[in-house]
Amino acid sequence: MTKEERDRGWLSTSIGGSTPTTITVRGKDLAGEVMGEMSFADLAFMLASGRAPTDDESRMFNAVLASLADHGLTPTALAARLTYTGAPEAMQGAIAAGLLGGGSIFLGPVEDTARFLDRILADLGPGATDAQLKSGAADAVRVAAEAGSRVPGLGHPIHKVTDPRTPRLYELARETGTEGPRLKLLSLVADAHRELSGKALPINGAGAAGAALADLGFTPLIARGFALLARTAGLIAHLSEESESPIGMRLWKEVDKRASETP
Amino acid sequence: MTKEERDRGWLSTSIGGSTPTTITVRGKDLAGEVMGEMSFADLAFMLASGRAPTDDESRMFNAVLASLADHGLTPTALAARLTYTGAPEAMQGAIAAGLLGGGSIFLGPVEDTARFLDRILADLGPGATDAQLKSGAADAVRVAAEAGSRVPGLGHPIHKVTDPRTPRLYELARETGTEGPRLKLLSLVADAHRELSGKALPINGAGAAGAALADLGFTPLIARGFALLARTAGLIAHLSEESESPIGMRLWKEVDKRASETP
Amino acid sequence: MTKEERDRGWLSTSIGGSTPTTITVRGKDLAGEVMGEMSFADLAFMLASGRAPTDDESRMFNAVLASLADHGLTPTALAARLTYTGAPEAMQGAIAAGLLGGGSIFLGPVEDTARFLDRILADLGPGATDAQLKSGAADAVRVAAEAGSRVPGLGHPIHKVTDPRTPRLYELARETGTEGPRLKLLSLVADAHRELSGKALPINGAGAAGAALADLGFTPLIARGFALLARTAGLIAHLSEESESPIGMRLWKEVDKRASETP
Amino acid sequence: MTKEERDRGWLSTSIGGSTPTTITVRGKDLAGEVMGEMSFADLAFMLASGRAPTDDESRMFNAVLASLADHGLTPTALAARLTYTGAPEAMQGAIAAGLLGGGSIFLGPVEDTARFLDRILADLGPGATDAQLKSGAADAVRVAAEAGSRVPGLGHPIHKVTDPRTPRLYELARETGTEGPRLKLLSLVADAHRELSGKALPINGAGAAGAALADLGFTPLIARGFALLARTAGLIAHLSEESESPIGMRLWKEVDKRASETP
């Protein structure tokens, strides 16, 4: 592509397009080749990566999305419900409010873990041996410890011993043959952390999901995007429940009552 | 349930919960019964409705989600990309900005059509015959025409003759046995509109999706939620592309240049 | 302006622009004529309307904004704080989440009241006498009652007898000479409602603010915009407090604990 | 305060509250002491800091807000307008979408500059002399250069020689006696950068605003909040204009046409 061609083409997309009679996504005819032929998750995979997943990749990808979909009355679910309380006519606002809490503390660890592992792999270069992965993990954990920063992907406020999603994701990665260097490396990172700190922190579900998505070929940014996609399914359920058994208005009143009792 | 019990239980959810060793969604064990066993779309269906779909329902539901996932460089995709331009470190904000355009003009028609059809059915009462559906459709179209308001679900700015998603959704509804009174009614509404106005407007994809989701048992509110879920998959792809071949900054400059040339 | 000129000029704005050495807003030089010379509220007034307010209009406008700025730990403040809990690095997301609850239930009444009053005035035509305003108010209240819909601008969950902001806004409107037909009409609407229903509902602050902004010449849409501007000031304070004395994480834990105790 | 008292009081706010007959903000009666007595900007200052500004501080604060209010058809204004195109009934969503672009690239520099200057001052300790400020500035610039990272607050894509807001902010800071160590330091940072790089970058308006807000006593987080508050005024104007002379729909069509012409 010459500079002139690239220049002319700056305003373009290779995701999809439509004509009066057809809609195309990633080169496939939406009505004829996608609808009824491909699952929604496979389409999401294809939209982001440009290709459809294999059956094994699809099974793994669906499991990762499922692992991130809902966690009960979390701050994001509460923010969505309280927004619905004020604007029930604009459901897009309530979902947006819920997603906006998906930052460095919640969901962000999916991206952070993928980024952390990518950096170790980039430092090691291609074709690293198991021994090199192990020493790369140990180095990265030591650097984090010296800087006083947390190792992404480890520890969970509720699942203190084992996050039930993690062993299942590892098991499925093996079953589907999608386990790649990042899931392996994350496991070595957890080992290195335990050895260095003497404290056994479990690999959390968000971290394992980030590693799994990266092993499926996605960038850390897209990994975070998929975490938000998964969470959207949970938020729809919370807003549906909120529309039938509201808690927002009453939560406000209880908070207000308690705040005004404070001396 | 006594008033006291209900009262004690106001702050609760039946969507899911977790303990130190387990996570449950809609009564199923997430790690053991959902991950690797159930597709993401089926989980989304179950989170919202409380039950898993049948295979036929699942095929239809996936097709509806696929039909709504992406439409190229639409205002919602552009808003997401322009937001990413200013805040690339907060992907949740760019996705939220994209979803916020899913209102009465875009995506909202999914909800509006479902609501419009629900109202006709409610007026007719349960067990309406085909003849009653036909006359209910004609009445509703006439009322809308007299009020000067648009009939939801009809017409499309680009697909002026046929929206390619619509016949495919009808075909799949028949194949899967999920065609219910709303898809049937929407078709009668289009007929009635053509007879009254003399103008043949196609059933648009959003309208057919709304009717199909309603026939699958979802409320208009949830139907809109699923439209937003589907669109999130498209937005992730746009933001991934934006991070690699950005158009936001340059679009701004071209707009700015052109605006400043205006006398 | 010929069609061609208008066509060429569609991509333009009359709000402002910049060159390498100057920035202009509404025709004024930002550095020389606005900064240090004009208050922020006056600039907001000018940006929206195209002209600077008089001193009297300015005093009234500032009072209206002040009346809408904060209401304690409301659902919008809680949604902003809970969003900050998950994404403290993206303050724009927390403010956005707070604003998204400014819909039909909260803040929306500012717009709805302005729209309701505008419609009555439009039906009466220009130059309506006091007697005509009174009968227009009575008609509108009766229509609302028959339709079973609420009269916008009346009633408040906490300020059941008098909303303290309302008499103050009326007093300031008189002092500044900015009382126009909408504030007058809103008062007649409250009278008509009391006569018809036998129940004395106070004019709420949001309604009085909407009427006052409309009397200052703003459309209902802009009136709502200013309510959101005012609330942004409150949200900044809440997020500042949240960053120092956080309640989000603990609120989540208390909610979660209580939800899991529910049988 | 004992631990028990603090514990009981976790769910409280010192921003404001209301009773059936009164509303209080930061200890002042809203109707009697704020409305009509205090400008909106002064209230915003007081809500965030707990105290009203002096007249001089108020003049400076208003000027800073004015400097950040609008910049024409920027990505944030375009995102707000494109969101309005899809959801004109939910203005809160369009404003939220506009604010969500206020991240690391736009508006974020207000916070980043304040943070950068705070760090230099913290390293120097209290009561630093001019000579120490100068050498602190030089050190910080050198560290940034060695790390290959940009110095916050310097340079502007359009105002390449002088950002017209900057000298005006410095002038007003002197006039109002609010110039503090951060504005002084930022100027030394610009000098140091020019000496080290041989390239004269102007102090940009966002950087000067961040320094000025920090000198007024605000944290970097609140400084960013005020940048968002200021921008909200601009967004209201853009949405008002969009509702009357829309560009969103047509911008979409032009983008779409051009994208589909790309080979």
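The chains carry the letters A, B, C and D, assigned in the order they are written, with residues numbered from 1 in each.
To be clear about the criterion, a residue touches a chain if its C-beta (ideal position, glycine included) is under 8 Å from a C-beta of that chain, and two chains touch if they have at least 3 such contacts.
As the structure is a prediction and not an experimental result, all values here were calculated from the model.
Among the other chains, B has the CA centre that is most remote from the centre of chain D.
Rotation angle for the C-alpha superposition of chain C on chain D: 180 degrees, rounded in steps of 5.
Interface note: chain A and chain B, two copies of one sequence, contact each other through mostly matching residue numbers (shared numbers exceed half of all numbers used). Rounded to a whole number, the gap between the C-alpha centres of chain A and chain B is 23 angstrom.
Chain B and chain D have centres, each the mean of its CA atoms, that are 38 Å apart.
Separating the CA-averaged centres of chain A and chain D is a span of 31 Å. In chain B, the positions touching at least two other chains are 11, 13, 17, 72-73, 87, 89-90, 92-93, 96-97, 100-103, 107, 251, 255, 259.
Chain C meets chain D in the complex at residues 10-11, 13-23, 25, 30-32, 34-36, 38-41, 43-44, 47-48, 59, 61-63, 65-67, 69-73, 77, 90-93, 95-97, 99-103, 107, 111, 158-162, 164-165, 167-169, 171-172, 175, 219, 221-222, 224-226, 228-230, 232-241, 243, 245, 247, 250-251. Residues 72-76, 78-79, 82-83, 85-90, 93-94, 96-97, 100-108, 248-249, 251-252, 255-256, 259 of chain A are the ones that touch chain C when the two sit in their complex.
Residues of chain B that touch chain C in their complex: 5, 8-9, 11-13, 17, 87, 89-90, 92-93, 96, 100, 255, 258-260, 262-263.
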